[in-house]
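Consider the two complexes below, in which chain A is the common component and chain B and chain C are the respective partners.
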Partner chain A sequence: MAKTKGYPEALETKLRDRYMYGDDSHPEFTDSVEKISMSIPHMCYQCGTCTASCPSAPRSSYRIRKFVRRVVLGLENEALTDPDLWLCTTCYSCTDRCPRDIAPTDVIMAMRNLAFKRDIIPVNFLKTVQAIYTTGHGVPNNDVNRAARVKLGMDADPPTTHTYKEFIPGIQKILDYYKLKANADRIVKEREG
Partner chain B sequence: MEAKHKYAFYLGCIAPNRYPGSEAAAIKTSRKLGIELVPLKGASCCPAPGAFGSIDLNVWYAMAARNLVLAEQMKMDIALLCNGCYKSIWEVNHKLKHHDELRDGVNEVLKTIDMEYKGSINVYHLAELMYDDKIVGPAKIRDSVTNPLTGARIAVHYGCHLIKPRKDREFEKTEILNTENPTWMEELVAALGATPVEYRQKMMCCGAGGGVRGYDIVHALDIANEKLINLKEANVDALTDICPFCQLQFDRGQIEIKEKFGVEYNLPVLHFCELLGLAQGMSPQDLALDLHGISCEPFLQKVL
Partner chain C sequence: MAERKTKKEISSTKGTTTAVKKQAPAKLAIGEQPAAQKEARIGVFICHCGTNIAGSMDINAVQEYAKTIPNVGYVDNYKNMCSMPGQAVINKAIHDNKLTGVVVAACSPRLHEPTFRTATKEGGLNPFRFEMANIREQNSWVHMHDQEGSTEKAKDAIRIAVAKASLLEDLFPKSVPVEKAAMVVGAGIAGMQAALDLANAGIKTYLIEKTPTIGGRMSQLDKTFPTLDCSQCILTPKMVDVGRSPNIELMTYSEVESVEGYIGNFDVTIRKKARGVLTPAEAAAKGIVGGGCNGCGDCETACPVIQPNTFEEGMKPRKAIYIQHPQVVPLLYTIDKEACIKCEICVKVCGEKKAIDLNQEDEFVKVKVGTAIMAVGYDIFPIENKTEWGYKRYENVITSLEFERLICASGPTGGHMVRPSDGVAPKKVAFLLCAGSRDNTGIGKPYCSRFCCMYSLKHAHQLIEKMPGVQPYIFYMDIRSFGKMYEEFYYRIQDEGAKFIRGRVSNILEDPVSKNLMVFADDTLLDRPMKLEVDLVVLAAAVQPSADTNRTRKLFGVSCSMDGWLLEAHPKLNPCGTTTAGVFLAGACQGPKDIPDVVASAEGAASAASIPIHVGHVELEPYFAQCIEEKCAGCGMCVNLCPYTALALIEKDGRKVMQVTEAKCKGCGTCGGFCPGGAIWMNHFATPQIIAQIDAFLLGGEH
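Moving on, here comes the complex of A and B:
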């Protein structure tokens, strides 16, 4: 939260100081992340092995160590509103190498779950949900591929929900149980009209 | 001949719907090695661990559990051919077996569709079964080869989600637990008569996972591009993978890299099952290699 530094007001509104204040911190955020991730970010001693192992770090401002620190300090807004949260490829190199036995990848996933509750989510994730709701597949079949399958002597559609469509209502029930399709539709519509 | 080992064959999305040759190859090559792959009828997307795991892990657990229950009803272990699917199907199975609270939560949802997760089956990646000499093993693969891929320099992309995070994984063969510098896939490549080639940053991610390919394609391609630069330095004829999503990223990704970065590699990318198919005498037509974004021709001329 910005605090005054005594500059002229026109400048004050543009600046933010670098301090962390007590009311920036939300300990319940730390608890939620630990619960969802089933991991122990509070054990982090900030060695940076995670960032050093990260394929996204050399080509962006994404720093997994920084995100873990934000979790420990309860800096919910800072973490969940940072667009870099979505640059983790979930390669699990950091998790493999963490000397404190933390799973930083799962910590990121937990934060993404919490961001989604605030409608913070890139639309491509939601489009996968919509595709699965309709077809059962995140990457559904298409005509070129159907023709190729037939040429291979296979059925045009694989023996999945594509062939056995009677399973699709069950999938829809699961997604509706969590209101996932309704939320996906609502957010995609807000973004794309 | 009755196959010695039977598995419910979980297909996922990208193999059957983008690279059907790898599905065909998996079924045919496995049969020659004593494995029968039985269709897992009504299976859905695993669901995509990056997309669903990011949105709501509870949905990911429940959706993966539905696929597991289908195999439980067949009383068969699952075999699959995709690292991403392995993460969802194996890992959710593992988590539900060990966390009562999670399992109860999932079963509450599954009850609404008259299903119950029991935890009665195991999940395997075909690559691990191919390497396990109690099931197949490199020696048996070597014996099945009728068209050795002699002279071809082939690099391996292991991908991430089969072997990482290591601390959760359980493999019969402890070699697979080596996530820093594994060589078990190279042994399988050598069993086909090809020359396995090492390259810099072999264990780096393809860049597609975690929803990044959809969120920021240039970022995702930049990661793949770094690997392609290293592969070019190693002068390889082809790259092999055990994950159709990595394959999509490297194969179709090369076309996108050409458009966005202006560099061209023309490196053929083949799933290990496709390679095995070629080595067992399947033709490029049997494998629908023409569906690949990058032509496999130069590689095929070398090995056929």
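Moving on, here comes the complex of A and C:
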């Protein structure tokens, strides 16, 4: 690494160009997020009520306020490539409290949709897709749960696709229609071999 | 074409003109055109309005078209018709072409009708022979990108205006005398200032206040920003002036019951609520020598009934017989009828003064005034509706108004700032700005309440000054310090040590044991969520129109905006006027205002309200209805329809006919549109004139 002249490699990252340029802004990104989310993120005045309400914010680098700001400015790449996008728990506390009546949760979901179109998605989300495809549940029942349920006097399996397995093909049909399963399989294979 | 002609024939026979003419051949009947006007010669003047109009349509095409419209005797265009040279064009054309009417195609009549009426008058015509064609607001501005469409629409508008102008008549405004008295409703700082100004200008002024004392919200405040004057100290001299002014007739504990009449002659009925206590004058009138309330307070000491004192925001007790605070004007006790148990102990201790009459009943007083000012003020938004901040759920969450009372030396704690849960002085205090303001959720208020930033800065200052070691935290979105010396005040408070956190508080949790509060916010400048433990939270709650505003405004015929604030005639150029002639607005009832703005607005309203009184008479637009007595069947159905009680049935030549009180009539047309016999003639909006307009539109100018 001759160009760092002996400095640690991190310097290159530290000294990178951090300007926001006009070209970074894509108004059509704002439009498509608004359309998918059916909300009005362009009305955000950055008060921070969302981040202050967020259970993820105090425990991570996830800042819902910054994501909404990126939508306002149309910073598509910055928003969709930020791995924090996937840290929203979709608890909807921000949506409850937003004084501008924006639904930040739905804005995040819209951006996740757009990211997935570019194959940007963590593998654990894809594994959830695979689990839903095979069992009808994102988090399928397991032996520990079954034992606990029986102990509490309930049936070992809940009255869902776990009990009525004949409904699983219907769920699979929906996922197939949107090629969700096929895409999930493909991306998981690419990443994990 | 044949069908169209039939329509035209039908419509023209519908008009009243012909019918009236037959019945009254001798003198000119209502709605009849003088013979000369049969050959109408209308001048059409097309305004470019810079590029406002000319930029969106083909002025030349419109001008060429206008020349082909029947009755048009002259057409011209000019860059700015409203300018002096533009008006000179109209003036000259009237003389040179012997015009009988003028059409200006320009902006909205609301903006420039008076200008062009004057120009028409200066040209030697009756000003009411002017008609405006709106080709700006209703055309060029909204069809900015449709050159062809807006050109065609302008042609239509001009053709329609010419059709009406051809049938316009000479009208003469009616002059009515103005009663040399005014009324001010609400005696807060706005109403007091307006009343003092009017009184000092020599006008008899009735000042109506619904609570037992004057002073309003300002008397509840401790200090005022940015000068830190003691609010009561600067207010009480004005209160005393109001009480002493020979020209002010003060009516406290009174409400406006009904309003009749019109500018210059309002008949107002005041309900003097029974306060159960006689003034010395009232006592004297009853023959009680040296009696009446002198404010000694013996009754209050004796009264066994305890109630929350609303002046102290419920934080202090008062008795069923009470004064709100020691500086009340007038110094006169009032009995809370809801709370009084009629034990009559007060009557006994009052003794020979005989000031107390527990059976007193509401009294109605009628006064006549020329103009009126509404100064009905504001209330605090019920901030408990924003549940996330826990007001009324957590003891140590208070409103700013409660803070004012707690820090005030005459307040419930004698000025010792303590928190409600345990009476201990707080060490860390959070101020929440925009609490319920700038809120588009439908729960709070969408507007900025305008004075919360500044009073919260002041609160922070008061804490730092009074209680060394206290740390105020100000949670804000934007600090709006736009007034004179306000930004400097912001600088000073920051210098004094208040911490400003740029983030809106999302929610508050209470520690059930210590009653301390956890304040959650995003420090948006640091980009970190924060959880701050404080001892006291002060909510800078939004303000809203006072509870009685809606009832009172309806009595005076004043409109309100969507959020309930009273609507001014023009937000920039007529902020004190209303759409009801003779009724004006002062203070925060028109929208949130701080004290300097309130006083300025009150002085403006007083000045505006004094003008008609000093002039002595007002000219009313001659748009009133007139009864064509030959056609009137005397059914009287119009009488009840009239929203202004301007109509009455009278006996004439042995039969009943309707009669219009012209000064009361606003020309709304309700009666004229309804009259089954077509016996009501609406000046300036007469049936033949309107039918001519409709024909001109539908028939496209073909005859």
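Basically, the second predicted complex is superposed on the first by the 154 of 193 C-alpha atoms of A that agree within 3 Å, B and C clash if a C-alpha of one lies under 4 Å from a C-alpha of the other, contacts with A are read in each partner's own complex, and residues count from 1 in each chain.
Basically, a residue touches a chain if its C-beta (ideal position, glycine included) is under 8 Å from a C-beta of that chain, and two chains touch if they have at least 3 such contacts.
Since the model is a prediction, treat every value here as computed from it, not as a measurement.
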| item | value |
| --- | --- |
| Chain B versus chain C as contact partner of A:Q46, first or second or both or neither | second |
| Partner chain in contact with A:I121 - chain B first, chain C second, else both or neither | first |
| Touched chain A residues, chain B compared with chain C | B |
| Which of chain B and chain C A:P140 touches, first, second, both or neither | first |
| Which of chain B and chain C A:D101 touches, first, second, both or neither | both |
| Which superposed partner A:T160 touches (first chain B, second chain C, both, neither) | first |
| Shared chain A surface residues [contacts with chain B and with chain C] | 93, 101 |
| In the complex, chain A residues that touch chain B | 36, 38, 55-56, 59-60, 86-93, 95-96, 101, 103, 105, 109-110, 112-113, 116, 121-122, 124-129, 132, 136-142, 144-145, 148-149, 151-154, 158-164, 166-167, 170-171, 173-175, 177-178, 180 |
| Residues of chain C defined as touching chain A within the complex | 388, 434, 438-442, 444, 477, 502-507, 520-524, 527, 529-531 |
| In the complex with chain A, residue positions of chain B that touch it | 11, 13-14, 16-18, 20-21, 23-24, 39-45, 47-59, 62-63, 66, 99, 109-110, 112-113, 115, 160-161, 164-167, 179, 203-205, 207-212, 214-216, 219-220, 222-223, 226, 285-286, 288, 290-291 |
| Chain A - residues contacting chain C, complex | 43, 45-54, 57-58, 63, 65-66, 93, 97-101 |
